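In the two complexes that follow, chain A is the common piece, with chain B as its partner first and chain C second.
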Partner chain A sequence: MAAADTRAVARAPAAGPMRTAALPGERGWRAATLAPALVVFLGLTLLPMLNLLVLSFHDVAWAERTASWSFVGLANFRALPGDGLFRAGILNTLIFAVVAVGLQMVLGFGLALLTSAVVRGKLVYRTIFLLPILIPGIVIGAIWKLMYSFDFGVINTITGLLGFAPQDWLGQGHLALASVIVVDVWHWTPFCFLLLLAGLESLPQDVYEAAAIDGANGWQRLVHITLPLMIPTLVVTFVFRMILAFKVFDEIYLLTGGGPGTATEVISFSIYRRFFTEDRAGYGSAMSIVTFFGIALLIILITAFLRRRETGR
Partner chain B sequence: MDQVKAVSARLRRWGMAATVAIPALLAAAGPSWAADEAPITIVINQSPWFAGFQKTVELYEEETGNSVELDVNPFAGSLEKQRSAVRAAESPFDLLVINAGFFVEMYAGGFLQPLNEIDPDFKLDPGIYTFDDSVYWNAETKLPDAQNGVLLTVPINPFIPLLHYRSDLYEEKGLSVPETWDQLLENARALNDPPAMYGIVQRGARGAFDVTYDMLPYIGSHGGGIFRDQKSGDFTITINSPETLAGLETYLKLAKEAGHPSTAGQSQANVIQNMATGKAGHILAVLAASTFDDPNQSIVAGQVGFAPPPHAEGHPSTPPLGHWLGGIPKNIPADRQKAALAFLKWFQTEAAQKAYAEAGSPPVSRAVLESDMAKEEQFRWMGALAKALPTAQLTFVIPESAEILAITELGFNQAISGEVPPARALNRMAEEIAAVMTKAGYDAPRLDPLPE
Partner chain C sequence: MSRSAGSSRVALVLRHLLLVLAAAIVLFPFLWIGAAAFKTQISLLMGQILFQPVLMNFEAVLTARSSDYVRNFTNSLTVGLLSTALVLVVATLAAYSLNRMRWPRWVGHSMLGWAVVFHMVPPITLAGAWYSMFRPLGLDNSYLGLVLAHTTLNLPMALWMMSVFVNDVPEELLEAARIDGARTPRILWSVIVPLVAPGLAAAGVLAFIFSWNEFAVALTLTQRETATVPVAIGKYAQENTIAYTEMAAAAMLSILPAVVLLLVAQRFIVRGLTNGAVK
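Right, the complex of A and B next:
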């Protein structure tokens, strides 16, 4: 039958009250009900972005309690490539996001697989694994800063007992970014775990039953059933985490302040410095605009790439 | 009936008497429960001297009945709050406690009310330090100027870096208090026994005005600096002079030969922690005597001595002024301005300054600093502070300090961490500072680059 008939039904004009053409008064009603949401969107999203864009073409100075805006054209944007802090921020943010999110995805998926296979006490495991994400960022900063402390930290105490020399985890250029990544992985793996566990638990069980009848082993079920079915969830989780990782600020602010040198400088922190500490509103806005569009473009490209792999087109 | 009238008349008389007497009694009973001024809010940073300031504020409330709320923030957070406050229609804060690194921004932006416009009779007590005239501002020349400027602030804290050393270990090893960097190096080497004890712990981490501040005593006392002579209008950039390089190399030599292995990562809190836990032989830091002498916070109580920062042979000790100034914003109502000035008036009295010192914070009154209090063991730091203050210098007299500090904080930190060699770091800083100064319209010539 029926495939052709189904399509015919789908294309037929819909019957019933939901599909009738809107009356002129009804159009007005629809517009009126949508208007508040539109106003909120314009007020909270579009206008601040437009303000930031306008600001990025200006320099702002204060005299006699009055701000004077001077138009500088593209000067703020042209200065960006020569800004060492901005360049370091971009590079470190990319390294941070890719490594941290990559590790979180692998660990989160592994933990989700293990937890989904548990028959008894699943709630206990889920609660334990979720704990780090419930701790406020400021507390995480304090905890890890103490743990990493060269002189008083528990990590150096333990490695010292094992016969290793103490390391300056946050103060050496080659270790600092890796140390911050470890904290981020600890903090955000539960987020990946939670989403991926929800995805795993919603997979259709009949496919696994059929595979079991066909004699597929665990590895084959993982590679040929679980992973392909999980790709939409994996993509969403990955994109969510990438967006959050590009915005990392609190961990850097609390643990290293971007140092030593520029070893842990990330783009959010560079913007904060330029915009707020140095009080360069125009230049900080230009950094923000470029970063915003850069991240948006990157996320679109990543999503398109993963979707293409998912659909095979 | 007559009796009723008589009683009524008597009651009326008593009532009238009470109307006159009760307020008089209230006034006579003292201000401890009758506030004269509007409540004020002071925005301040969390520093080693804050606890003493808090106690002094409590004393002011107790003595006057006036109410003061303290809004306490980290160093950079305090600056950002102050900026937002003075640029708003009405400031939520009535008194801004502004650091030496950023006060010109507040002056030049026209954000502070001249104190004599609030009270024409107000005068800075002659016994109060003016810290290189930084309390006055000449809007025409855009420079601190005691002769032709107006009084904008009252000093709150006289911070400069002081050498803190372990006096017990000095005695044990027969060391003398160092006057030069070479002597300090010798002493630091003598005490250096890592990881149990570092000869010296220096702040090297970058922040808003962190590593630059702690680097300046080394640089200044070798004849170097960021600019040649700002107060006379000579903005020649000298941060890449051979003298500045010599200062930076002295810092690095101390760090390498007798310092903490993680100097680039040391914040002020780390430096103080190392001294308080007995792991530092020396630190060069703003005064933290109240912390070190408190047995609840320190294992070296009574064992820390104080001295002016050392200097290179042939140069004076030149600590940078890191003092704090109290200013009143223009954008608050007159009654709150008056109330904030009332606090400043009280704060500069000798009695308040003594109480401030007793509470653990260094006073801004020369009279107190040089008084007999300095002879008491508890206030042994006063002598060092009084000796070091006369040669202390302002680091910035231009409003672009925040931008310049961002450059120097990164540059010095990179040099300390080894990310960039010292000469290259200084050349880069000079180049970047020149760009800031040129953009701001200054004539700021540069020296020839140092050989890299």
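Right, the complex of A and C next:
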């Protein structure tokens, strides 16, 4: 899924070093079958990236369908560190990703452990838990915006029954970020659950039988067998989720629009605002470039760190 | 019987209780928004639990002249189906080429490596570039522009998934086909495609769902005539006076494809989502 990820690189090319010549008569087909993907990658990712790079050194003004460019050197990049919106975007994205994904991993693992231990109803539980993953993020934003509503939202109805005063869940600084995180936890815990459940079900059973003979109790089995065996799956799930969390946009767009102030401003939203709402293509491009490489680097570092921990050195 | 049998029964009941609670938390927002879709605005604002269900919200969303929702729905279907078909063709060809046609190793490494890097970054970072590329070509408000964008966004996932499936095809089968005189198109169509059909289903279902759900790029590349369902729902929330119950009805309608796919193709969804996380 999402981040098809690093292990594909290691696995995919089956051809060994010796077999690098095309079969006779297949050279043309070899090129023709790869060409469409190459065109998409070059034309729609690499070329736009270069375009962004060029844009980022310019100020761009649109008139009808033609743009007038003026070269500004590194001015766009120099302005970035002083941009409060950009800084808030980075900080909030990091807080959001760490807190939300941390909660999702714990809850998802708990649910996966519970589900793997039951026989009857397993498919029903899985079907229900899958639902949020498949729903458009924007719709999840819409649903929760109504539920959070100060006037008629069901959240205030419930907290009211428990004796709390009604809150403007999306309208107050820290509370707004927490409310957005709650939505994300609801949205994506099922994803962690699904991956971790698949991991649990692929564990070798004989180890557990041996442990049962040795008289290990449930807690000992969890800590000494399940957890160590699950570490690779936990790592992959965590990295997948972090990648998706850094992309968050839809829910925030609908729930808070980054507000109040910059309380829920995330990086995708800052880019959107600068590039599209304010029509500052050059500056937005500089922001995109820095974000692109920043996130790629961060995820590569996280993956490398976790992999090293995993192999135990 | 013994105490341990009794306590394990208690544990089982406890497990089910926790799972039912979790399922209730997952389902509750859908039930609440589903109820809101059948309420009048007044009934929603009064927070009525028992209410007389009305169909006016669905009528307003589907038939009102001011509503483009049917158009949005067909736009989403068109873009979803076209981009899914395109990405499957491109990915399967490339997966076969990279894994079975003896490219030098660096070719596969650089393609898949770039796919991984590209997939890590927020789509919005490229939306601006696509917009400024497409606009001079007149593609900024067309199906083609959005289809190409969604194809690009889904290509890393599809390429990687099809690589796994193509790699599982036994080399002997391809060898035998070649000895029988089959050339590449024939091998692809008669040997590879039937054998990777489950992979095509898994990648296809996911590609369609991702396209159906995609918002940020659709928002930047479409206007009124080409807007997809998520863009339309985003618009509801931007109005000065939000028609909450209509927004609820539109939201309910938008999750129909996901529910249908969940019921008929869950096997492929699970396979697609877990592929690679677990080996």
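FYI, the second predicted complex is superposed on the first by the 270 of 313 C-alpha atoms of A that agree within 3 Å, B and C clash if a C-alpha of one lies under 4 Å from a C-alpha of the other, contacts with A are read in each partner's own complex, and residues count from 1 in each chain.
Quick note on the criterion: contacts are C-beta pairs under 8 Å (C-beta built on N, C-alpha and C of every residue); 3 or more make two chains touch, one makes a residue touch a chain.
Since the structure is predicted, the reported quantities are computational estimates derived from the model, not experimental observations.
Asks: Which partner does A:L52 contact after superposing on A: first (chain B), second (chain C), both, neither?
Replies: second
Asks: Looking at the overlay, does A:D151 come into contact with chain B only (first), chain C only (second), both, or neither?
Replies: Once the two structures are laid over each other on A, A:D151 reaches both partners.
Asks: Answer with first, second, both or neither: which of chain B and chain C does A:G163 touch in the superposed model?
Replies: neither
Asks: What's your read, chain B or chain C touching more residues of chain A?
Replies: Larger number of chain A residues touched: C.
Asks: For A:G215 in the superposed arrangement: first (chain B), second (chain C), both or neither?
Replies: neither
Asks: What is the contact status of A:P81 with respect to chain B (first) and chain C (second): first, second, both, or neither?
Replies: After superposition on chain A, A:P81 lies in contact with neither partner.
Asks: A:F276 contacts which: chain B (first), chain C (second), both, neither?
Replies: Both chain B and chain C are touched by A:F276.
Asks: Given the touch rule stated above, what does A:I143 touch, chain B (first), chain C (second), both, or neither?
Replies: second
Asks: Regarding the shared-chain residue A:S285, is it in contact with chain B (first), chain C (second), both, or neither?
Replies: After superposition on chain A, A:S285 lies in contact with chain C alone.
Asks: On the A-aligned overlay, A:A67 touches which partner chain: chain B = first, chain C = second, or both, or neither?
Replies: Touch partners of A:A67: chain B and chain C.
Asks: Overlap the chain B and chain C contact sets on chain A and report the shared residues.
Replies: 62, 65-67, 151-152, 276
Asks: Going by the contact rule set out above, which residues of chain B touch chain A in the complex?
Replies: So the residues of chain B in touch with chain A come to 76, 79-80, 83, 86-87, 105, 108-111, 195, 204-208, 260-262, 264-267, 273-274, 277, 279, 330-331, 402-403, 406, 410, 413-414, 416-420.
Asks: Within their complex, state which residues of chain A touch chain B.
Replies: 62-67, 84-85, 150-152, 166, 168, 170-173, 256-263, 273-274, 276-280
Asks: What does chain C use to touch chain A in their complex?
Replies: 12, 15-16, 18-19, 22-23, 25-27, 29-30, 32-33, 36, 44-47, 89-91, 93-94, 96-105, 107-109, 111-133, 135-136, 138, 148-149, 151-152, 155-157, 159-161, 163-164, 167, 178, 183-185, 188, 206, 209, 212-213, 215-216, 220, 229-230, 233-234, 236-237, 244, 247-248, 251, 254-255, 258-259, 261-263, 266, 269-270, 272-279
Asks: Would you tell me which residues of chain A are touching chain C in their complex?
Replies: 1-9, 11-15, 17, 19-23, 25-26, 29-30, 33-34, 36-38, 40-41, 44-49, 51-52, 55, 60, 62, 65-67, 111, 114-115, 117-118, 121, 125-139, 141-147, 149, 151-152, 154, 157, 186, 190-191, 194-195, 198-199, 202, 233, 236-237, 240, 243, 246-247, 249-250, 253-254, 267-268, 271-272, 275-276, 281, 284-285, 288-289, 291-292, 295-296, 299
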